[in-house]
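There are two complexes below, and they share subunit A, which is joined by subunit B in the first and by subunit C in the second.
For the complex of A and B:
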C-alpha cells in the first residue's frame, strides 16, 4: 500500500488560525449546552461529523448510542444509511466495506458483542479502514454482568486499533470528532475505538457543550480515501494473498502508521483547542494534583471520579497524592508517561481489567506501565491494583487503601505486585 | 398507516440499476474480459469460469467482493490479480455484509452528493462454506434489506475445496471428503443431505426480487441470470453448482459434462424465482414438462471418485432421495414440503 503523506491545511499546530477560523471561534457560533449522556454525546458527534453509514446491533450498555442515532435519523437530523445488522460480526463488516468505498462510518459494541465481531476487528486496521467505534465497556460474561470492565476494548490492543478512554460526556463528544480527524488522516488510516465505561458514562447525564456544525466543518475535513478507494474508476484489488512474500512489509507499514498517529493526535488536539476553545492539555494523559505529589495513581476511564475525591480527602490529611488518567492506550505514550511517572516515589496502577497469568498477575495497564518504565532513568516501584470489575463501584475507601500500599512501597517496604481491591474474601 | 408501493420506494430511496438485457446466445457475448490471466485455479475449475462469466455479464462498472475460499486464494496473488474490475476480499462469513456495506456506502455517498451518481453493480461472492455454512446469517439478513442493490453469488463446489476438501453443509450425502473419509467400520461418514440454499433463500425472503440457480455448463442461461439479478433492484441471490476436479475426483476434461449430468439427473434443478414467480429453466423445465426423462443419479455419481465407496444400496438411497425431490415435493425440485394427505392443497 502506498504511504504517501498528504499534508492538509491546519494540521500543523504552529499554523496560526485563519481569519475565518478566528471569526468562528469569536462568535461561538450556534454553540448550545444540553444535559445528555455519554452515549448521546457520541450520537451527536456522529451528526456533527455527517457520518454516512452507521450499523447497529443491540447489546448493553453501548447500544444506547444507537437508540439516539435511530432518533436522529427518524427525525431527519442525521442523514446516513442506518442499518440494523443481524450480528456484531456483520455490523463491523458492513461498515468496513462502506468505508472502503469512501463513506464515513460509525459502529460500536460492548463486552462479548465486541468479541463476536473480533474477526472483523482484526481485519479493519489491517486494511487501513479509518472506522470510528464506540466501546461501551462491559464485562465479558459469563458469568453474566452488564457492568464495566476494560477487557473488551483491550482485547484489540495488538491489532492496530487506536484506543482511547474518556471519563465524561463532553470528552466523549469532543473525542469522537478528534477520532475521525485522526483516523481519517491519510498518514494514519487506522480505526479508532472510544472506550466509555458502561453505565458510569454511557448512561450518566452531564451538561455538554455542543459545538456548531460550522466549527466542526472547520476542524474535520471530508474523508478522502484517495487511491485506496474501491471504485470502478480506481479498479484496485484490496487484500490479496501476500503470504510470506509481503506480509511483514505490510505489517511494518501499518506499524509506521500507528507511529505517525502520535503526531497526528497532537496536531488534532492543537487544532481542536484553537477552533473550539476547549483545552485538553497533553492529549495522551491528564495529570491531577501531580505538581507536588509524592506518589501517584494511574488509571483509565470514570474511576477518575472516586480517585479525585479520595485524593482531595487525603490532601486535607497532608498526603501528597496525585493521579494520572491515561487517555490514549494506543498509541501508548511510553516515553512521556515514563518520564512523568519517574518524578514520583511510587506508582499505583488501577486496572479495571484482568490478565490471568500475566507477569506479576497484574492487569493489562499495570503490565504496560511497567514495560514502559523499564528503560527509564528513574524507576519508582509500580504496584498493580485490580478493582471495579463487572461494574463494581471503585470506592473512596478502596482508593485510600491502594494509596496506603503505594506509600509503603515508596518507603521501601515490599508490597505485593498485584492486589485485588474491594474483593469479598 | 398503510404504505403504498410509491411511498415505500420513496422511503427506500432505491437507486437505479444498470439495465442489462439478456444475451441472445453465445455468439452475442462481448469479447471483453474483466477476469483475466493471473489466477492459479486448478485445471478444469468451473468456479473460475463462474467468476469470468459473472463479471463479463456484469460489465466494467462493477465492484466485486470475494469472501475467503478458492476464488480468493487462487485468484488474487499479490501483484498478479486476475481482476480488471475493483475487487476486495471479505471474511469467510461476510459476503452478505460486504455486499450490503459496499452498496450502502455507494448509496450514501451518491445520495449526499459526495460521489458521482451512477448505477454501479455490486457483486459479493462466496463459496458453499462461506455461504451455506458460515455466512448464512449475513446473507439472510442482507436479502431482507430491500433498499440496496447487490447480488450475492454462491459458487458451490460442494466442499471447502481450498483448505483440502472438507465437507460443508452443501456436500452431497455420502461424499468422501478429508473430514468424511470412508473407513473399515464406517463406509458412509457424511449422513447429511445437502442444504437447499436457493429454495431457502427464495422461500425465506419474500421481498427478495430474484433468486436463481445456475450451472456454467449452461453459460448463457447463467450469465442472463446474473444480468437479471443485477438489473431487477434490491438484494438478489444466485446459487451456482460448480463441478470441482480436485474435490470431486474426476478428470478435469469432464467438468462440463458433470454439470450437464447434475441437471439432467434432476439433482441440480435450474430455476428462477422472480418477484415470487417460479420459472423452471432449460433442461429442468424439459424434465418437469415430461419432454426429458431424468438420467439416473448413478451415471452422475459413478464418474466421481468421491462416491467410489458407494454400494448399490447407497446408489439406490441417493436415487430415492432425488425421486422424492421430483415426486413428493410440493414444488418439485424447489421446495421440500409435502402434502399431508392427497388432495390437500396449500392455502390459496
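For the complex of A and C:
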C-alpha cells in the first residue's frame, strides 16, 4: 500500500494534514513496493523513464532484463520500439543510431556478448551518445561460465563510458534513473553502463520501492539532443573520416565532457534525494563503519554483503575494520577517494576481476586505487585481493583472511602486493 | 652536427604512388653508397589511394646517424633541399585534404633549393604555374610526359632514374652520379636505366627563379579551430543549399549553383579539365548527372558549366557526352585560371569559340593510368624516345 495512504489511515478526511504529514505524502506519493530482481528493477526504470527504443539479444544474465522489458511492452505498460537484433554488435549499433535522432534508448549485455559489441561500444561515447546500458557482469569466455567477473564492463574503462557498480535492486532502479539524467545532460552526453553482478543481483528478488511516474517526470527532463540531432531540419554529418589534425581536439572535447560528468552526478543525486526522499550520501563511494576504522577494505558490487557481515564479526572482536564500496568507476573520484583512504593505516582492495601482467599483478581496481593515491599526502600500504572470479562465493572467512593481511601491512610487516583468496591451493 | 638533406617527392595518388616510392628508395640507397644514412617515408596523413590527389613522399639523408635523428619528421620536414614534382600540373599547388589550403609547390624549398619537374612545358609555363617565393630557387625540367600508371602496374619508362640523375646534378653533395648508378644497378639490375640516369645528369640544367617571378595570387588557407570552438560529437554542419546563377550579360537569374565545401576545393587533383562547346550542347543533363563531384553549375538557360573550383578532372563528362566534341578534356597545363567558361561564352560567342578551338587544338594526350590494352606497350617506347632525344 502506498505510504501516503498509510499515513492518512484512520484520520478524519476533513482534518487538514499537518506539515509533517504533507512532507511524508509528498515523498511517498504514488510509491509502491514490489518484490523484484535487480534485472527487473532496471526494466521498471526503463518503463518509468519512458524509453523510446530498446534492443535485445539474449545472453545470461543480462537476458533477464530483456525478458522483463518484453513483458512490459507486451502488457501495454511500456510504449517503445523493441527490436531483437541478430547480434550484440547490431544491438548496440541500432540504439546508437536511434539515440542520434533523439530517442531515449536502453541496451545491455554480458560477458563476451558485450565484447562482441565492442566496436559499437567504442563509437558510442566518441559520438556523444547518451545510451544507458546494463551490464550483467559475467566471466569472459573461455571457459564458458555464467558467473560474475567484472572484466566485461571494465574493458570499456578508457573509452568514455561512465561506469557504475550497484549492490542491490533498489540501487539498480534508482541508479538507472540517475544514469539517464546524467548521460542526457547536455554538458555530458556520454553513455553510462550500470554493472549488476550476475546471479547475486540480477537473479535475486528483493523488496524495491517503485516511485511514481510523476516524480520521475519531475526528476528526468526529456532528452534534447539539440544541435547534434540527426534530423532533416538540422543537416549535419556525423563521424566523418578525419586525420591527425583533428583527433586530439575531439578526444579533448570528450575528456572535458567526462570531467563535467562529476559535477552533473552530484547535482543528479542531490535532486534525486530532494524529489524521491532516498539518500545516497556521497554518490561516488559509500563508507561503512569507517569513522573509527584502523584499516579498510575497498570493493565494488555485491561482495559488499559478505564484507559487511565479516566487519560486524570482526568489530565484536575489537578489530576496527571499515569498508568503502566504490559506485562510480568512471568518472573515478580519485582525489576524494585518496583523501578518504589516507585516513587509515592500510587499505585492502578486493577485485572481482583480473588484469594479468599488470603492476604488482593486481586487479584493475587495485591498480586504479594505487594510481589515485600516489599524489596524496598520506599513502598507507595498498594490498590487492583477487577473489570471487567466475561467480565463486566471496565468503566471510575469506574477507577475514584478507583483513588479517591488511592488518599485518598496517603493522609494517611486508605482505604480497596481490593475494588470491578462495583459491584451491 | 653534420649535414642534413631533405628531398620531397610530390606526386599524384594511385597513378604515381609506386613511382614516388621508388624514387625515395633510390635516393636513400644511393646516399648509402657514400656512407650516409637515410630514411624514406610517405606522409601518413595523405590518402594516396584517391585518384590524382596530391600526396608526398620524403627522403631524409644525413652525414651521420645523430644528424639523421635530429632531422626526422613524421609527416613533413619543415624545409627541403629539393622538391620533385613528378607531374607538372602539381606546380599549381597542392591541396591534399580539407583545411590544408592551397600549398605552393615550392613552399618547403630552402633558399637556392631546386625544384625538379617532369614536363614537356617550357620553363616559363612552369614558373607561371608555381606561386611566387620569397627567396630565389632553382628550376630544373626533366623533359618528358608525366608518368602515370597504377597501383598494380608500374610503367618502366625511366622517369624514376632520370629524376635521380637530375638530383645528382642539382645537389651533388647528396650523392654522385656514380653512387646513384650503382644504386640503380643494385635495385633494378638494368644497365639501360643506369645510362638513362647518366644522360639525364648530363642534360640537366637549372635556371634561377627570382621572387618577382611566378603566380602572384595568395594561396587560400584556413585556420583550424581550437577544441573549444568545434561542435561536439564529431558532428559537422552540412554544406548549405545552393542558389540561382546570374547571367553576366542580361542579369537574369536562374539555374542552380550548388554550394560547395569552402575548406576543400579539390581542384589540385586535376591534371586535365573539360572544355564545353555550349553551341552544340543539347542539354541532355548526362554530364551534370554523372559528375562524381557535382562540379556542373546549371545556367539560367539550362546549360552545364563545369566549375573549375570543384572539378577534379576525372573525364567522366567527356565519356558520357553523346555529342561529338561537345565536352573535351584538355591538359590542365594549358590554363592559367579557373574562370567560368560559360561567362566567357555569354560575353562573346566568337571569342569563346576561338579560345575553345585553340585549347582543343593544343590538346596533348592526357589520361589517367591505362585506358586500353596495349597502351603500356605504346607509351613506354615513346617515353624512352623522349628520354634519348631530349
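Rule of thumb we're sticking to: the second predicted complex is superposed on the first by the 399 of 425 C-alpha atoms of A that agree within 3 Å, B and C clash if a C-alpha of one lies under 4 Å from a C-alpha of the other, contacts with A are read in each partner's own complex, and residues count from 1 in each chain.
Heads up, the rule we're going with is that a residue touches a chain if its C-beta (ideal position, glycine included) is under 8 Å from a C-beta of that chain, and two chains touch if they have at least 3 such contacts.
Model, not experiment: these values are computed from the prediction.
Could you say whether A:81 touches subunit B, subunit C, both of them, or neither, answering first, second, both or neither?
The first partner, subunit B, only.
Please name the chain, subunit B or subunit C, that touches the greater number of residues in subunit A.
Partner with more touched residues of subunit A: B.
Under the stated touch criterion, which partner chain does A:189 make contact with: subunit B (first), subunit C (second), both, or neither?
After superposition on chain A, A:189 lies in contact with subunit C alone.
Between subunit B (first) and subunit C (second), which, if any, makes contact with A:227: first, second, both or neither?
Second partner only, subunit C.
In the superposed arrangement, does A:33 touch subunit B (first), subunit C (second), both or neither?
It touches nothing on subunit B or subunit C.
Applying the document's definition of touch, where does A:128 land relative to subunit B and subunit C: first, second, both, or neither?
second
Considering only touches as defined above, state whether A:96 meets subunit B (first), subunit C (second), both or neither.
first
Between subunit B and subunit C, whom does A:205 touch in the aligned arrangement: first, second, both, or neither?
neither
Between subunit B and subunit C, whom does A:249 touch in the aligned arrangement: first, second, both, or neither?
A:249: touches subunit C, not subunit B.
If you stack the two complexes on chain A, which partner ends up touching A:237: first (subunit B), second (subunit C), both, or neither?
In the superposed model, A:237 contacts both subunit B and subunit C.
Enumerate the residues of subunit A that count as touching subunit B in its complex and touching subunit C in the other.
Touching subunit B in the first complex and subunit C in the second, residues 235-240, 242-243, 245 of subunit A appear in both lists.
Can you list the residues on subunit A that touch subunit B in the complex?
That would be residues 50, 52-53, 55, 79-81, 83, 85-87, 89-90, 93-103, 105, 119-120, 123, 222, 230-232, 234-243, 245-246 of subunit A.
Provide the residue numbers of subunit C that touch subunit A in the complex, in ascending order.
44-45, 75, 97, 99, 224-227, 230-238
Can you name the residues of subunit B that touch subunit A in the complex?
Per the stated touch rule, the residues are 60-63, 65, 72-73, 76-79, 81, 83-91, 93-94, 96-102, 104-109, 111-112, 114-115, 120, 137-138, 140-141, 145.
Spell out the residues on subunit A that touch subunit C in their complex, using ranges where they run on.
On the subunit A side, the touching residues are 126-128, 189, 227-228, 235-240, 242-245, 248-250, 252-253, 257.
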